[in-house]
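First chain A sits with chain B, and in the next complex the same chain sits with chain C.
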Partner chain A sequence: MAKPRVAFFEFSDCEGCQLCALDLTPEQLLDLVSVVDIVEFREAMTEKAGALDDHGDGTDSIDVAFIEGSINRESDVARLKRIRERASIVVALGACAHIGGINALKNFQSEEEYRKAAYPTDPYKYESTTAKAIGEFIKVDAVIPGCPIDTGEFLHVVKDLLVGHKPQVPDYPVCVECKLKENGCVYEKGMHCLGPVTRAGCGARCPSNGGYCYGCRGLISKPNIASQQDIMQKYNLNEDEMLSKFKMFLQRSKEVFPDDK
Partner chain B sequence: MPYVYHIKQHSKNRLQKISASENLSMFKQRRIVIMTAETLLISKQRLISSMDAAKSNYRIAALTKTNDDRYVYDYIGKGDDIEFEYHPTVIPPKKFLFLSKETLFEFSDDGKIKSELETTPTILFGIRPCDLNAIKILNEAFADHHGDPNYLARLEKTLVIGMECTKVCDEHAFCYRTGSQNAKGGYDIMLYPDGDNFAVKSVTDKGKKFVTKYLTKHTANIGADDFINEVLKKKEQAFSKEKLFPNLDKMPEIFAANSHHPIWEQEGSKCLSCGSCIMTCPTCYCFDVRDEVALNMQHGKRQRVWDGCMLDTFAVVAGGANFRGSQTDRLHHRINRKFNWLVHKHGQSVCVGCGRCVRACLAKISPKTIGDAILADAKLATATVDVPLDAHKADRDLYLPMPAKIVACESFTEQEKHFKLELENGKSLGHDAGQFVQISILGVGEAPISLASPPDNTPTFDICVRKVGDVTNKLHTMNVGDTVHVRGPFGHGFTPEIMEKMRGKHLLFIAGGIGYVPLRSLINQVVANQHDYEKITILYGCKTPSERMFPKELSHLAKIGGKISIAETVDQAEEGWTGNVGVITTLIPPIDLDPTNTIAVIVGPPIMYKFVLKSLTDKHITADNIYVSLERRMKCGVGKCGHCQMSGIYVCQDGPVFKYADIKDNEEVF
Partner chain C sequence: MTNNVKIDVRHITRVEGHGNILVDLEKGELKECKLAIVEAPRFFEAMLRGRHYSEAALISCRICGICSVGHQMASLSASEDAFGIKISRQEQLLRTLLNVGEFYESHVLHVYFLAVPDFAGAKSVFPLVKTHKDVVVRALELKRLGHHIGDLIAGRLIHSVSTNVKAMSKIPTDDILHDIINQLESAKEKLKADVKTLNTLGAPEFERETEYISLYKEGEYALLWGDIYSSDTGIADKHDYLKMTNEYLVDHSTAKRAKHNRSSYMVGALARFNNSHKWLSPDAKQVAEDLGLKAPCYNSYMLTHAQFVELVHLADEGIAAAKELLGMNRQLEDRSFEVKACQGVGAVEVPRGILYHDYTYNDKGYMEKANCIIPTAQNLSSVEDDFRALIPMVKDKSKEEIQLALEMMVRAYDPCISCSAHILDVEFTDK
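Now for the complex of A and B:
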């Protein structure tokens, strides 16, 4: 059987997730390249095989495209669609691609505000619109959530794709993993955590390490936002503070910010 | 109610008489402390050094404090690590017997399967009564009907040393509500603490051997009985202010009568489906099963991980239907497992009031609140069907599938493909019509599939597979010569008793869509023996003509005539379809039948049942003469994982074939 052709692409992001994807032991790396062909990967390769298009991407068909980053420019949309056409399977890699990520924080500002903040001297020199997730433009077959992603979960998704499994990321909240780690709940320590509505899979990384969940993996499919708000209120969070909790990663989530652009 | 303790030295004979004569009923707040074992006294220091001595032969798990000041049950390095004062833990000691993640077997790409069971002798030290009751419940659940090999192997290697509580551990605990502050079992040895001294009493042979080997040399047994007496008296005092649930002994009946009590919606609407309650509960034992392959794709393992009914997707079947789609439905299910469905089976409340779920729930949903609200209402109903405990020894092969070769296959539609499989061991599957098998593709997973061929003595059998999930998608790519793996047959099908009841009757088969498959084995069986029946009527409805299963067979059946008649309908016609168009219920009124001599069998999608059942009732067919085969999510197939459960019934074990009369009052069915 021919090895599946795999490629990585990035849009607006910090490239941290691609780094995480390749943060492998030498054995893992060898195993990985023995089962897949990485054909495009700017982070890790200098050469691309075959002809290039005007975005600098290849033109051959690919089996799996891992796409990192949110979409912030009209021109990105065309490139994104081109990748979709080339790929049998598209995987959103990391929070930016999956839910707009930190980039989507700017959507709470006016266009003028965020342009000035980013390019103080010449705010209108570059293209920049509302930050959106890739799934708002193209069909996404699987996601690897998180900011940054978890290397183990990346490998998991790769294996799922190889055996012909629909890649499964948990659809239950972070609390499940937090309890399995036998953590005391951070609400009892005066912190406010989005664990009860956030998709698990990170191993409750933040509450297990002295912090609280920011929701970087996005919401579960059926979050009870009203109850989450009641709880934060009961634990003395006022309306504004509550809102800023949700703003961090969940700007593109209709359950929290329904009437958004 | 005051707690009365009977503490007496009894001979073994006398004890046997007592247990036979006295009704040791589940909620009797009376304890017979069995005094045949040697009781003795020991100081804390000596107890600790005995544990240090035992460490050379056992690994010991006990309550300890972590560096960041959390209390957890963990394996200890030395006896001094043990915390003797109880502080509630997030996760109960169940985790040592039923691991949060464990391997059922390993496989390699050549199809070889191997499994290993636990062999390390382990001590669980200082387990409190609530958790001991929970261990007793798990011991029974994992041995019920089929012996779970992994759990029972571990249990056999484990010695449980309990420790009495002398006060209520915190404001969230409510063991006293469910009568669980006294251990009804689940331990080998009990410690009765008083300051820095302990009385030790062993109640099993395993416990006695351990005591003799590790504890006796440091101890005195004079006065031990009085010591225990004193400890229990103090305990009784400390708990005297706390009350049992009202009507505790009628819990199942009252819960059965209160499925529509407002408390369900009131508490359920707050629920976040966060799963904290089920992760921390000592008596939750549901699990999910997943295959994990190595990155080099050459080997892998099938694992089970904790799962639970409060999570949104727990009861979702491959086709996408969720049988408990709301938080309220799920809360009702979880609490009814604890306070209703499983109570008779275990002879005690299955919530042991440890308070873990209450501490963990940010929405502050508590079984205590729900119990108090519902049990105050003394309205009674007949409790749901009670299937008694049926203890079995460990079945080494319970989760190990057998290889089977595809010897024939044919695609019926885009979605449905038919396979003939042959077991490599050359044996016959030995199934009844209506049973199912679990088909494995190693690395992908396992899926329940109905058997489509009638029972026979050959090593081959038929399945018909609809593409709805990973396993079935993969199966569709497989062909003659390929190997799959099989477990089963499972469940309750059309048993010889049911077949006997059908003799001489007019049989009315009503199938919708792929529901024809589980019926096909039965239809073929009765058509082959048609002289045994008065009449055979087959009604078959599909969405479109191209979804019809076994089309050749259907036209063959239509041609036989005589006492066999078949009527078909589709929801939407396609080109070339000249038959009926309309829902399946339109086929029922015209049938000429004598309701006293008719038996109806229905299999189809969930939505179909309600309407078909109504039409049959209109025809005066009684619930005793209707059989249904139900679909639920299934993982284990053997009554363990909880996925298929509806109102205390395991569809994988007690079904999928049910007499309608047996389940019609069961609120989670349709």
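Now for the complex of A and C:
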């Protein structure tokens, strides 16, 4: 049986997720290249799969496309759709592709406002539009959440795909993992935390290292927003500040920002 | 091969993102030479506005996965400068260790995964698994060491968790510090084993003397604190960074450009080496000598070698920091301070060169204005000037040789990793 042909692509992002995908032990890398053919991966290799198209990508069909980054320009949509046409399976790699990520934070400002902040002398020089997740344009078959992704979870998803399973990510909140780690509750320290409504799978990494959860893995499918409000009341925390925490990664979540663009 | 060469390169990825190269050589005369950046702008300066000081580093580190810790260091330093906070010795040492992790991941990736395949005649590291397995295994171990240190000190390396204004929210145990010392000792041995590899590969001949700008501190190989130093004009206060960078926009690039005393200046490992080489550790100096790297070095291709030398130096610096921490009564520090309306500048060295963050806060500690000046953007004009100097040297060579010389030049600057992996699709037109 031919080895599955795997490719990596990126749009608007920091490429940190691809770096995490490469953070392998020598054994893991040797295993990986023995079971899949990596046919396109601009971050690590020169080759492309097939003749180049006008976006600079290859044109051959691929089995699995990992796509990192959000879509911040109309002109990137055609490239995204082309990749979808080439790929049997599309995996959203990381928060930007999955939920728009940090890029969507600018969506809370008017176009004029954010343009002037970055390019005060010539704000309309470059193309830019509302930052969106890739799933708002194409069908996405699986996601690897997080900013950045977890290397272990990446390998899990690859294994699932190799054996023909649909990759599953946890659909319970970060609080579950945090409790299993026996961490003290972040709210007890007087800080806000989005652990009660954020998708687990990170091992509660931030609360376990002195931080708090800011929702980079996206909401669970049935977030208990009422319970989150109860917690805020219990700890007498400011609602605006809490909403501000949700803005960092969750601008595209209709459950939190139903009226936003 | 005639002297008419037209190069139109689409998507060098991530020189601060996606970029193109355009070179037009007519009858041996250079008509056009551009490094065009066409990345979708992300507007981080806008995203930071209205955010609390406690989030500034969390947001700004997402500018770049490979320079994530560097952005955090610049961000924290800008906030601390603004609020008038002096960090403790313990905090300095913890940041030094985290920064060692950052440089290991970034430099190892560039030297071994992006530059070495070029020299070895391969198109990626993957075929080298078969032909140079020992080197690839060492490289993976060295790169993972960066992530490992990041995990131990700050929860993770990329977009680390425990960094905060004033003090970290995590303190390493003795076991962790001993582990880091052992691993850095072993990293030095691995690096020494590859001095020969690097020497066998060599570097193309090239020379263009230019202005070198880096962070500078008497007595230290300055990375996290110091003044700005220009090899042309000497020391400048970090608050005067705008006089050093003079950013401007060009039509062919969504990344801003910078210039100071000449049409361009260079930042990064070679600039640091040229400006601060005398404060490298003895072993790093020895490795520089073994690699034939002497200051001042005007060969941009040797930037890769300067990074390699820095890896040795950083191992020594990390070992010293971990040992000093072992001798201290380490404890979580109080992170409260008086919030006031203020403005401050952070200037740090990240793997690709000097990085500036400049923040203005209101009296509640929310950001009113942010400015970030990225090293790769500062280097873009220097790459173009190197192209102009390089093309006359190689114009009579074969298509493949010209292409490789240009590709390797851009890669030497390590503009931001994926760009370096696939720089050029060169199209030659014989007129």
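Keep in mind that, in the parts below, the second predicted complex is superposed on the first by the 259 of 261 C-alpha atoms of A that agree within 3 Å, B and C clash if a C-alpha of one lies under 4 Å from a C-alpha of the other, contacts with A are read in each partner's own complex, and residues count from 1 in each chain.
One rule holds for everything that comes next: contacts are C-beta pairs under 8 Å (C-beta built on N, C-alpha and C of every residue); 3 or more make two chains touch, one makes a residue touch a chain.
If you're wondering where the values come from, they're calculated on a predicted model, not measured in any experiment.
Peer 1: Should the superposition on chain A be reported as showing a clash between chain B and chain C, or a fit?
Peer 2: Superposition check on chain A shows chain B and chain C fit without a clash.
Peer 1: Just to be sure I read the superposition right, which of the two partners does A:122 touch: chain B = first, chain C = second, or both, or neither?
Peer 2: After superposing on A, A:122 lies in contact with chain C but is clear of chain B.
Peer 1: Figure out whether A:89 sits in contact with chain B (first) or chain C (second), or with both, or with neither.
Peer 2: neither
Peer 1: Is A:38 in contact with chain B, with chain C, with both, or with neither (first, second, both, neither)?
Peer 2: Second partner only.
Peer 1: So in the superposed three-chain picture, is A:187 touching just chain B, just chain C, both, or none of them (first/second/both/neither)?
Peer 2: The first partner, chain B, only.
Peer 1: Chain B or chain C: which reaches more residues on chain A?
Peer 2: C
Peer 1: For A:106, decide between first (touching chain B), second (touching chain C), both and neither.
Peer 2: It touches chain C, and chain B stays clear.
Peer 1: On the chain A superposition, what angle, as a multiple of 10 degrees, is formed at chain A by the C-alpha centres of chain B and chain C?
Peer 2: With chain A as the vertex, the angle is 130 degrees.
Peer 1: Would you sort A:242 into first (chain B), second (chain C), both or neither based on which partner it touches?
Peer 2: neither
Peer 1: Enter the shortest inter-chain Cα distance between chain B and chain C once the structures share a common frame, rounded to whole Å.
Peer 2: 9
Peer 1: Kindly list the residues of chain A that each of chain B and chain C touches, one partner per complex.
Peer 2: none
Peer 1: Can you tell me which positions in chain A touch chain B when the two form their complex?
Peer 2: 28, 31-32, 34-35, 155, 158-159, 162-166, 171-173, 175-176, 178-180, 182-185, 187, 195-197, 220-224, 227-228, 230-231
Peer 1: Inside the complex, what are the residues of chain A that reach chain C?
Peer 2: 10-20, 22-26, 29-30, 33, 38, 41-47, 52, 55-56, 72-73, 76, 101-103, 105-106, 109, 113-115, 117-119, 121-122, 125-128, 147-148, 205-206, 208-211, 214, 244, 248
Peer 1: Which part of chain B faces chain A closely enough to touch in the complex?
Peer 2: Of all residues in chain B, those touching chain A are 70, 72, 89-91, 100, 269-276, 279-280, 291-297, 306, 311-313, 327, 360, 362-363, 443-445, 470, 473-474, 477.
Peer 1: Contact residues on chain C for chain A in the complex?
Peer 2: Chain C residues touching chain A: 10-11, 13-14, 39-47, 49, 51-52, 55, 58-59, 62-66, 68, 105, 109, 113, 123-126, 129, 136-137, 140-141, 143-144, 147, 154-156, 158-159, 161-162, 164, 168-170, 249, 254, 369-370, 416-418, 421-422, 425.
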